[in-house]
Amino acid sequence: MSFLSIRNLSVRLKNGPPLLRRVSLDVAAGEVRGLVGESGAGKSMIGKAVLGILPPSVQITEGEILLDGTDLLRLSPRESRRRIGASCALIPQDPLTALNPSHRIGPQITNRLVDILGWTRAAADARAIDLLAEVQISDPARVLRSYPHELSGGMRQRILIASAFAAEPKLIVADEPTTALDVTVQKQILRLIAGMQARHGTALLFVTHDLGVVSKVCQKLSVLYSGLVLEDSTVTDFFTAPRHAYSAALLAATPKYTDPDAGLQPVPDAVIGAVRAEVDSFDRKAAHG
Amino acid sequence: MAFLRIILLRVLTTLVTLAGVAVIVFFVIRVVPGNPIAMMLPPGATEDDIARLSALYGLDKPMVTQFGIWLAGVMQGDFGTSITTRQPVLGLVLGRLPATLELSIMALVMAVILGGSAALIGTRGRGTRTEGAIDVANGMALSVPDFLWGLVLMLVFGVLLPVFHISGRVTPSLDLPFTTGFYLFESLIRLRFDLWADLVAHMFMPALALAIPLAAIIGQLLKQSLKETMNLDYVTLARTKGYGETHVILREALRNAALPTLTLVGVQFTFLIGGTVIIERLFSYEGLGNMAIDAVINRDLPLIQGIVILFAVIFTAVNLIVDLLYAVLNPRLRHA
Amino acid sequence: MLDAKGLDGRSLVRRRAGLRLWLSALWLGMLCLAALLAPWVAPHDPLSQDLFLGRLPPFWVAGAEPGYWLGTDSLGRDVLSRLLYGARVALLVAVLAGSITCLIGATLGLLAGFLRGWVDMVISRLIDIWMAFPPVLFSILLIAVLGPSLTSIIIAIVVIDWTRFARVVRAEAMVQGTMDYVASARVAGRGRIGTMLREILPNVLPTIVVLLTLEMGIAVIVEAILSFVNLSIATDDPTWGGMISEGRISIHQAWWVLVFPLIALFLTVLAFSQLGEGLKDRFDPVLR
């Protein structure tokens, strides 16, 4: 049974257009699923919905988010927050803005262990040191006493990764964790996340627009366009025989998909037209019941 | 040590400002038409009497000489002698200072509590009707100055629902065991809660009148920067860790959001202290401001000088303290 | 990403801003009319005393006398008539003190912000010194020195409040001065003063207008405060502040003597500041 199971999740801008259209996907324990699509396809929105951090201007109109079998959307906000906090974590996109500038690094990793999960301060501190060592930060004790502005971007991303794994979560959402970094650092960070994931056996929902990254890290993937899941398959199937025309076009547009540096090339207009039509027909069907 | 240099520079400019204040006050006052000495003497005093008394206060010398003498005195803590009460100005002024300080600080505390909670409640309910209501209240509070709020409060809590005293600092018939001028503070130390309650009942309305406009500024500014901060990534990250909205606002957002508000509150606090002059008059509160207006009406030059200088010292000191606080609270500056 | 909520909120703010702009203008217009027409519309001579008619309550309270709509003060003077005449002083001070302060303050601010150098240094230091004075005390002091009169009040307001304009206009002029259009005007051969008046001034004008509106409200309050401490214009002429001062004394016996001038003052100050805020929103290109 999957640890995370999203069923028919629809999200829209309040008084505005839909952002997710009946999205369904599963992430089994220890499994890595990539969410692929252009910007605006809704891939980040899925991660935010799972973690309960959708912006207030957005509302969920239907669907279920089953975390370990319990629908988060049916729980009280307080209870769902508690469950998410206890079993999930986020690796954010931009390490420069994801650490609180007025707190030292140490408490930013350990506070939740103490406040929410009831660890002792000493145990949490020891854990933080171990984690920083695990993400290959030298002199962890000094780094824990530092303020974020004293550290480099790559260093901060390592800290955020360590922090995400701190409470041994069952599921981590990685929201384009390498996009904001230098190309040289990207590969190291990617390898680090993959290594940590394998060692800790954590399920990972990996949001990215980079098929090269998917081929390296993921076992399964969902291809999104305009909030609609076009294809849900294993990475091997996807790269050998994509089922959807849009997926094929994506692959074709990224000739060197083994090279993580190559970005998405434009998809042919004909394919885009067909996908748009598919989205429209979905909306028409939804409108009629 | 750039930090130290900035502080030294700030202290230096503060001193220049104070010197400027001293010069302006001294010369403005001496343009006063109407001889203050003549007012002090009984009717029928001769020219000779006036001349002798003028000489006694040094008012017969050229202005620049007078300034020199006065400045030399000030440097030694001698601000001259009040013409009306014939007591040293420094003693009179310092005697009234605690009352005004207590009033100002009480008002500041009220403003921070009122404005802070308005900002927090507004942020918690952002995008809802609660926020709209708080915005409207802030706008009203901001547009109307302390003097008018004082009058409104006086009508509401003094006449319609007479729960607070509308004049004085303390009920005159009470026995006061105090050795310092800080009655409110000392009554707590001595555990005289009856006196404390009486003092608060007197201070409540003037302090609230002073607090309302400042509270509105704090509320508006803090809410705005809180809302901006709440959209930042580190706040979102904290939410995924299982913290509740209130915790996220207080622990993650508040400190960073408070920094820009703090600098503004410093300047605004000096405005609040300036407002005590008329508010003390309105509520017959025996502080510096009330004394200042009496001194102006009585043309008591040395006393006016002393009070204005003291106000200027307080103003500049507040600005200095705020600058230092800002540096302490902002880790980026502290380590620079 | 689009934020529908933000868009909605903004149009709501604009509608509300439009409403308060009109309400404020309406009240101030009525006030101007009252001030102009006071001699014709006031039911009584604002100065005539009649001790037999002392402390009459307003018309809806038992014991009211017909013709004295808002009651009388302890000397039997008609509160409504005094209010109408008081509006004259209030508006006169608002307009005269406001515009003179604006002229002097904005000029100094413009010079400091655009010319920089020693001019800026002198003016900025002056502003610092001014900020160290408690303004109310300063104005009372000035009135004591100058002697109570309408001219003194206006002078006092100008002397104290020029920094409000100077500070803001200086900062704005400094920002504008760094813009490319200023440089190109200079390259095109325009002189320094010419550039300042033709290029910078039009761009800071909206700010100046907003500040002027706010300053008028402040001037009304300062006048009221000065008449409250009996340092306003010569004795007898009715002023709102003077009425409040009298009303404060008889607050328990005749609340209406305090309440009506207080309401007038409150609404006027609110109207000036809402007008200023409304104009600010209109001028602000981000909101527009």
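Worth a mention:
All chains are identified by letter, namely A, B and C, in their written order; residue positions are counted from 1 within each chain.
As a convention for this text, a contact is a pair of C-beta atoms (placed from the backbone, for glycine too) under 8 Å apart; a residue touches a chain by one contact, two chains touch by 3 or more.
Fair warning: this is a prediction, and the values are worked out from it, not measured in the lab.
Averaging the CA coordinates per chain and comparing them to the mean over all protein CA atoms picks out B as nearest. Taking the CA centroid of chain C as reference, the farthest chain centroid is that of A. By C-beta contact pairs, the most connected chain pair is B-C.
Measuring from the averaged C-alpha position of chain A to that of chain B gives a distance of 52 Å. Mean C-alpha positions place chain B and chain C at a centre distance of 23 Å.
Each chain gets one centre point, the mean of its Cα atoms, and the points for chain A and chain C are 56 Å apart. Contacts with at least two other chains are made by residues 127 of chain B. Annotation for chain A: residues touching 2 or more other chains are 55-57. Across the assembly, chain C contributes 5 as residues in contact with two or more other chains. Of all residues in chain B, those touching chain C in their complex are 13, 16-18, 20-21, 24, 28-29, 31-33, 127, 139-140, 142-145, 147-148, 151-152, 154-155, 158-159, 166, 267, 270-271, 273-275, 277-278, 281-282, 289, 292-293, 296-297, 299, 304, 307-308, 311-312, 315-316. Every residue of chain B that touches chain A in the complex is listed here, in rising order: 126-127, 231-234, 236-244, 252, 255-256, 329-332, 335. The part of chain A that touches chain B in the complex is made up of residues 51-53, 55-57, 78, 81-82, 84-86, 88-90, 92-94, 97-102, 112, 115-116, 147, 149-150, 160, 173. If you check the complex, the residues on chain C that touch chain B are 5, 9, 125-126, 128-129, 131-138, 140-142, 144-145, 147, 217-218, 221, 224-225, 228-231, 244, 248, 251-252, 255, 258-259, 262, 265-266, 269-270, 273-274, 277.
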